[in-house]
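So, here's a batch of structures to check.
Shared chain: chain A. Partners: chain B in the first complex, chain C in the second.
On to the complex of A and B.
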């Protein structure tokens, strides 16, 4: 039962975090591990979508998320955050990208800043799992199939039904309206049979005018 | 004009949130602003409420934050523990204190005369969380260093007084065990030195003088700020080995820090839950203190 460290405040990550770190097999120990992850984070910020082994991607993902969230939280005037960016981004022009492109992109987002997909591995080849790690809102075509137009999805079924019902109702309304008008017309002709012919032609004209929209 | 500008910036930000950026440019705001001009719509976002819980609560009540170790987390247990802690705090005043503060703890002791014992000492360490929170007091009595471990929520504790509220330069003061005895000697009949209300907790930047080796720990490896004379007793081989075990990269290891802390959102939730209770208790304590300032003269003879 250890006390939580209160000297630092961090925002909650929107990704699943493993309880322990992976060591990522490195002869240089923890420092070498961080160097590996720095390379990955740099590549991710630079290319916005990278394909790599699953373990390394999963480890680097948390660091990338925290780097972006710290940049959003403190901005580019905060010395410690600037140091962090300087450490994690090996190519220094990417520091500008972090603060001027990524921060405004994710400022109002309420989902994670990165996405990770499982990728197929080569056969025969290394047996390590592979994955694709990407920043959200990248310029590349999406990797997931777009299923929103699938007719069997519940919301599409419901929308179809709603559309059908709407059409049925509209037709029924139109039919009712027509029936009422024809009744009116017949009633008026029977009630005033001895009127001048001018009025008859008028009624005929009005009838035609009413029939026109139907056609 | 001002409102207009605000709307504009807001819509720019909005545009940014959803727009795909096709090329990497360091100055994209101009284009986006030009594109954003025609659609000026008042966006009424969720009104941001001011946080009620003061920011310093995590330092004053660190034991209310659970252990960040994921395997040991249990939301129900943590909540029940918090309720128990508040129940205990209703019974007894557990004041704010830090490592480096000087405390006097009165506790039940079946073997002491009068069944209570009072120990005055400097808090050299705070650890654990929840109901198991504990601290170590140290003093030198009759030329003998004495340390007592108290559990903060132990029901046998009768009274906790803060005689001098202050912090030191380090997070734990175990090096006092190897320091000259005068640095951990405190008078048992010491008077409480009250701080002004609302004043920041002072940091005592005293540098402790160690006695010669052998020591209990390799203090030269721990980057201590509150020790004056480490250099006096170490040789080159110690210096080299101390350099070898340094971990300068740890301050950049974000995930390590994340796994050692409770995220801000969660902290807010926890303190929002206990804030009203703790606040009323604080107010009550203040009122009681004011009452206590007037001491009725004893009627003698």
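On to the complex of A and C.
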């Protein structure tokens, strides 16, 4: 009953997180692993698009998301958030970038702040999977092909024709409706007014409508 | 655990029973189909043997990564072989070849003279030739899927498919069934769609073979509608008939088609409209569906709009119209 709503206490991540932990090995132990992740998060904030091994990128992504969402949530007057930013960003000028550039950029966004793509790996080479990690809204050209512009692509041809047919049907319906209305109007003018009082008003309306374009 | 294994075994037994039943039912069909495939194989081998002394041709490849000249074997090397010299990516991605900048050419059809070569995929700037070939392949695959799905009791006979028209919103295959009042349910349509998806997953190579009139008549002598169509087709193409094969399904088509069934991505077979009665107990049906090439992601709402449109009867020429007009249709 009186339990606190967890989502109000801490930010909800907008990415899918692996349910089990990743045993990223490092000769320096857990600190070494964290230092590596800190370097990755710093590089991500600095360069906005980085290419690296998949596991490291996926692990660092969650921390970057958390950092940005906390920064948006609490602002730069919050001690804990400032400490967090100080910890994850090794280059201290990036703390300014976080609060002055990234927070305004993502304030009103309702999707994740980062994107991750699988990248091809060199052959022959290290067999680790590679990936590209980037901040949304970065200034570089997009990585995914844009299939919406070329109207000759098969799905675009199909969609365009479907749209044309929809409009054609709509116009035909409209024309039928108008034809029916004018028929009604002519029928009611020939009929005696006592018979159909409702249609009389209609005929008046249609007369007005006919007169309107002349005026 | 024990209960689960019991269930599984039982279901396995059920499946094998169904398969046996199917095999018995289809033995008659498969006999004539096997004969046709045998003739197809023999003729292909004969044509390969008839090449004789190897002659070299120069194929000028235009495109990425760079323009190169390849020295290939006349009447043996195909555009696919040229792609093999370029990269694995070219082999996988290319759906159709373009000869001398204008003639669409199947990926697995031997080249006949020195020429320039371009390899087309679905993402080129003007893909209308590939799209057309894809749509035709969809119709052809639909025929193969129908052949696999129907039992022998249904008396399915494939009639033909009209030329590809993407703007009509659906690809079409006209069939004759032994029932006059078939109203397909959603589940039945889904079963046919599933068969299409299975064909795509099998990654079957689509083979092309040109045969002469006599052989074509011999191959299709069991199929009434095909043997009716063959003379007029042959008359228009110097007594030659172009055949396509997918797995063990052989059909007549002008071509070209895409290289493999792999290129079929999202696919739905949506409707079977009854066109007319045929004879005492048969009837013409027009089966139609909509598909996208593999690798094209379209959100389900937009795809739903395409599906809705594909349900309406396709206005292409009907199979039961007079024969003279039919000939035009057969050119597809």
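Here is the rule we go by: the second predicted complex is superposed on the first by the 142 of 215 C-alpha atoms of A that agree within 3 Å, B and C clash if a C-alpha of one lies under 4 Å from a C-alpha of the other, contacts with A are read in each partner's own complex, and residues count from 1 in each chain.
Keep this in mind: contacts are C-beta pairs under 8 Å (C-beta built on N, C-alpha and C of every residue); 3 or more make two chains touch, one makes a residue touch a chain.
Here the structure is a predicted model, which means the values were calculated and not measured.
Novice: Which of the two partners, first being chain B and second being chain C, lies in contact with A:105: first, second, both, or neither?
Specialist: first
Novice: Between chain B and chain C, whom does A:11 touch in the aligned arrangement: first, second, both, or neither?
Specialist: In the superposition, A:11 touches chain B alone.
Novice: In the superposed arrangement, which partner chain does A:151 touch: chain B (first), chain C (second), both, or neither?
Specialist: neither
Novice: Using the superposition on chain A described above, determine whether A:92 touches chain B (first), chain C (second), both, or neither.
Specialist: Touch status of A:92: no partner.
Novice: After lining up the shared chain so the two structures overlap, which partner does A:162 touch, if you call chain B first and chain C second: first, second, both or neither?
Specialist: So A:162 only meets chain C here.
Novice: More chain A residues touched by chain B or by chain C?
Specialist: Residues of chain A touched, chain B against chain C: more for B.
Novice: Looking at the overlay, what does A:84 touch: chain B (first), chain C (second), both, or neither?
Specialist: In the superposed model, A:84 contacts chain B only, not chain C.
Novice: Which chain A residues are contacted by chain C in one complex and by chain B in the other?
Specialist: Overlap of chain B and chain C footprints on chain A: empty.
Novice: Sort out for me which residues of chain A touch chain C in the complex.
Specialist: Per the stated touch rule, the residues are 145, 147, 150, 152-155, 157-159, 161-162, 165.
Novice: In the complex formed with chain A, which residues of chain B make contact?
Specialist: For this pair, the touching residues of chain B are 13-14, 16-29, 58-59, 62-63, 65-72, 126-130, 132-133, 247, 249, 252-267.
Novice: Going by the contact rule at the top, pick out the chain C residues touching chain A in the complex.
Specialist: Residues of chain C touching chain A: 122-123, 125-128, 131, 134, 166-169, 290, 292-293, 296, 298, 302, 305-306, 309.
Novice: Touching residues of chain A toward chain B in the complex: what are they?
Specialist: 1-6, 8-13, 17, 19-21, 30-31, 34, 59, 62-63, 66-67, 70, 83-84, 87-88, 96-97, 100-101, 104-109, 137-139
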